[in-house]
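The same chain A turns up in both complexes below, where it pairs with chain B and then with chain C.
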Partner chain A sequence: MVTQTVALAPARPPRWRKWWAVFNLHLQDSFAYRAQGIVWILTDTVPTITLPLMWLAAFGNRQVLNGFTRTELVAYYLCMSVCANLAQAHPWEIAHDIKDGKLSIYLTRPFSYYWFNFASNVSWRLVRSLMFVPFFGLALLVLRSHLAWEDFHIGWTFWVSLALAHVLSYQISWCLGQSAFFLVEVGGLFEFYYMIGGFLAGQMAPLQMLPKVISQIAHMLPFSYVLWFPVNIFLGRVPQASVAVGLAYQLCWIAVTAMLGQILWRVGLKRYTAVGL
Partner chain B sequence: MVTARRYLRLYLVFFRNCIVREMEFRGNFFANAFTTGAWLLYYIFFIEIVYSQTNAVAGWTKGQALVLAGSFSLTWGLMNALFTPNLSMLPDYIQKGTFDLTLTKPVDSQFLASARTINLAEFSRALLSVFVIAYGVSVSGISVTAVSLAIYVVLLACSLCILLGIDSLIMTLSFWLVRIRNLDAAFWSVSMMARYPVDIFGGTVLKNILTFFIPMAFIATVPARGIAQTMQVWMLPLALAFAVGLMIASRWLWLFAVRNYSSAGG
Partner chain C sequence: MPAILAEDLTKVYVSHQREPGMLGAVKSLFVRRNKEVLAADRINVSVDGGELVGFLGPNGAGKTTTLKMLSGILHPTSGRAEVLGYRPWERRPEFQKQFSLVMGQKNQLWWDLPAEESFLLLKELYEIPQSDYQKRVREMTKMLEIDHLLSTQVRKLSLGERMKCELVAALLHRPRVVFLDEPTIGLDVVSQKRIREFIALTNRQEGATFILTSHYMDDVRALCERVVIIDHGRVIFDDALSRLVTQFTHTKQLRLTFSVPVEDSEISCFGKLTQREALSAAVEIPRELAPKVAAEMLARLPVVDIEITDPDVEDVIRDIFQRKETAPTVAQEEAV
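After this line comes the complex of A and B, so read on.
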């Protein structure tokens, strides 16, 4: 009996082996296009350096600007860039697959396109973060006179919120990418998303610096839970009681976007005609 | 003279073609015009936020910062209207081998590769920028004279030449770096540094690099100083030198690249 089970094993490899293969494939793919990746990282590095410099120049003789010390403000943007590297997903690939008809290939394969893309995103995030290290070093070098380790929190709440942020950002991209089922031209929508989403996530300026109405709106929408929330946990600006509320918001938005994603997928596939194949 | 007239006529034909094409996809055109304008407002909003906390950033008042933002957006808009749509396609053409078609035409290959299509929607950004500049001038109470206006226009022309030169140099590299399809993003991210007053980089090495090595200071900071009359005298000849130098360098690199081009698939 025992020998029989062993003999059968190769025919039914465990599930994780399948996903490891997909993940590995994407990992190799990401490394193959590392030159392109470096160019994309460069586009993120410039604001990571220039935005804090702009604020630092705004301090003048003051030590505190709207509750932020120089060190905190620099730490805000540096942490923001790290979180963006690890968490921020993009809707382009999904939209391209739908538009070019490449989605059909994935539909015939024995795994879900949703998880296939998820694995792709995770592996790209990892490779990207690895390639980001030298650029991060450059940012540290430029901003070195304002660096100090204050009471920053990199405990489990930070990592949990970052992991949830990763899932949430992927879900948002998943929903947005599927708009390609319904729209002829998605570029405008995505650009609008990058503008508003990035702004409400606190990528341009800390939400504390914005007019109260806008920051209140931002706290209700999902975008601030992709970047602003983990970054503020890191800075120690989220009180213990509010951490749980924030995590609950993240889970809530994950649930909402998951549902929306499912609906879009069901309706979208019916409309999908594999144009271009 | 005859050649110049011929190229001008050719350019007008390109222009007309682009208008015809854009009007075919009118919805898309208006959407693009809206988004490019929105990006300018986005940055203006950032300036408003920063100046809601302070009166001066590295010696720049809010009005001056608006003039700077408008100046950047004006050259950037013109660049995106006239040249980047063409130069950004270069890696694609080289990779697929369609660049060969450009070489077979009886026109200068660099002219064709950098000026064939015009993105009309980007003119909305350029137009909006003029209003931002005017607004900034009125906020900061700068009194514009004929001389300062003339200097400003010359500096903006230099700024456009510098941006075009750098973009052209970077994109010409795609003859060798065939696999990097997003080379245009490299140009895009470097030029984003020009959006801020170069003075925020303090007395650091970085400021000197951005003034004398990668001349980002001459894209918007120096023109804005020109109209605000806070410019130092040496900046004007240096701007002209950078503009002319980069034009010559990009021409030279292009000719060198085309001479060594051996088509795709080889």
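After this line comes the complex of A and C, so read on.
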């Protein structure tokens, strides 16, 4: 009897394998940068401890300041630092790849640079958060006399808002990073973004404490949806009805920045491939 | 169908010009003067599958620009190109999986990780089956003698070792077309030789098409039967390396050894004296006159040895480039 062998075309490996490989490589690369990462985290930990201490001094004899109790204020900054670790993306890598011409190499590969960078960001967030744990412990230790578990919310709305914040922050970075297509020097722009963006995201002070006009402006801009919004859900300061509105805002800003990112990519790449930076 | 085809491929860069000094800086805020640089000027090249072609030219001649257009990194200003039947700048994954670009001056591997990690990523991106991947890494790293370095961080490797890893990374997915932009730049002679052998073998065994740019004539001599010389964005020569000398030089060298000392004037009446020692001399004479002059010299001078040679390829190429810098010359008119 003749056995027939059927020549089968090799099955294409599943997509997740590519993703895992990209993610895995970035994870390892992030660990290679652990020493530098610790320095960055230290610079982030300092305000996490000093800003609440400053506010606590301002309390004096009062029990409530601008609607915040001591416990709430401390919780605000602690939660802010956790969210910043998990959600806040940075535009530097994209800008460097464009400036150094490393983008050219990615352009010849059969994998999208956008998603490649997205995976890089996710893995760096994870590694960073892991490295942040001891520093968070330190912050808890320093602020221990003002810690108490109040009516905080860590239900699904918090996590969804945090996940959307992560995507939104990445989109903002993606747009900002692409400014390197058009500007010779991007450092100044990024510094400006960190200052204004951080301020409007409530990283310096809760938006409730700012003059009304400024906080209203902040609520319209995307930055507050990266940090302030999830942090306030956690504090239980966003009414149920407003949560849906906030999530909708996040989605809207993701859509807007995605569109902007697409336009920048198309125009920027045309420039890049025209000039051959 | 040729593997690589370029028709009138042209690239014009626009750069902004600015006068020097503070005044110039302020002026440039309002008025921008643009300068157009013709980096590639109607390049026509056709390369068949399995060929190994050398792109030569001085810095800024347009070699890298051409390679970048053929790999889809640059969009041409005008003209047409096809690589394996694809238009490169559409950057289709089907095309990208079949070609590779190595830039000697750019690092494609992850700097802080062992080279093997980069290989593993590429394996997934290019969908290389596990068995094929293992075999390929084993073979290539053995041939390049870097099999013991795979778990060393890339940044701790020497330039030569790193370049070898880059080559392995670029060839893992068995590309049908490979562009090598100065793969041996800055390497020691031993590494250069090893890399040359590796490229030659890959070209022979796998039938991949290679375009190589290099500043080292040794690379070109060892690898390329055919060379394309690009200068000021134009192809000024496209033929077998052996024909380069005959096309660009119209002279031959006569090297003479004498039995007794001879006066300069007795030799210089035959041609241009280029070298002189007590009992020897070299004379440059028009190619077509060489046999006649040599015969005459043998008859009239106390010659014990005579040698008729072509100028060295390296000298010829240097000559072409130097001439081109001053004014368009015969060479260009010939090529047009």
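Here is the rule we go by: the second predicted complex is superposed on the first by the 261 of 277 C-alpha atoms of A that agree within 3 Å, B and C clash if a C-alpha of one lies under 4 Å from a C-alpha of the other, contacts with A are read in each partner's own complex, and residues count from 1 in each chain.
The working rule: a contact is a pair of C-beta atoms (placed from the backbone, for glycine too) under 8 Å apart; a residue touches a chain by one contact, two chains touch by 3 or more.
Note that this is a predicted model, so its numbers are computed, not measured.
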item	value
Touched partner set for A:18, first chain B, second chain C, both or neither	second
Partner chain(s) touched by A:111 [first = chain B, second = chain C, both, neither]	second
Which superposed partner A:260 touches (first chain B, second chain C, both, neither)	neither
Which of chain B and chain C A:204 touches, first, second, both or neither	first
Chain B versus chain C as contact partner of A:65, first or second or both or neither	first
First (chain B), second (chain C), both or neither touched by A:217	neither
Footprint overlap on chain A, where chain B in one structure and chain C in the other make contact	33
Touching residues (chain side chain B, partner chain A) in the complex	28, 31-32, 35, 38-39, 42, 46, 49-58, 177, 179-183, 185-186, 188-190, 192-193, 195-197, 199-202, 204, 206
Complex contact set, residues of chain C against chain A	11, 13-14, 65, 68, 71-75, 89, 91, 93, 96-97, 99-101, 103, 106, 108, 110, 112-113, 117-118, 120-121, 123-127, 129, 153
Contact set on chain A toward chain C in their complex	10, 12-13, 17-18, 20-22, 24-25, 28-29, 32-33, 101-102, 104-105, 107-111, 270, 273-276
Of chain A, residues touching chain B in the complex	33, 35-36, 39-40, 42-43, 45-47, 50, 53-60, 65-66, 142, 185, 188, 191-192, 195, 199, 204-205, 209-210
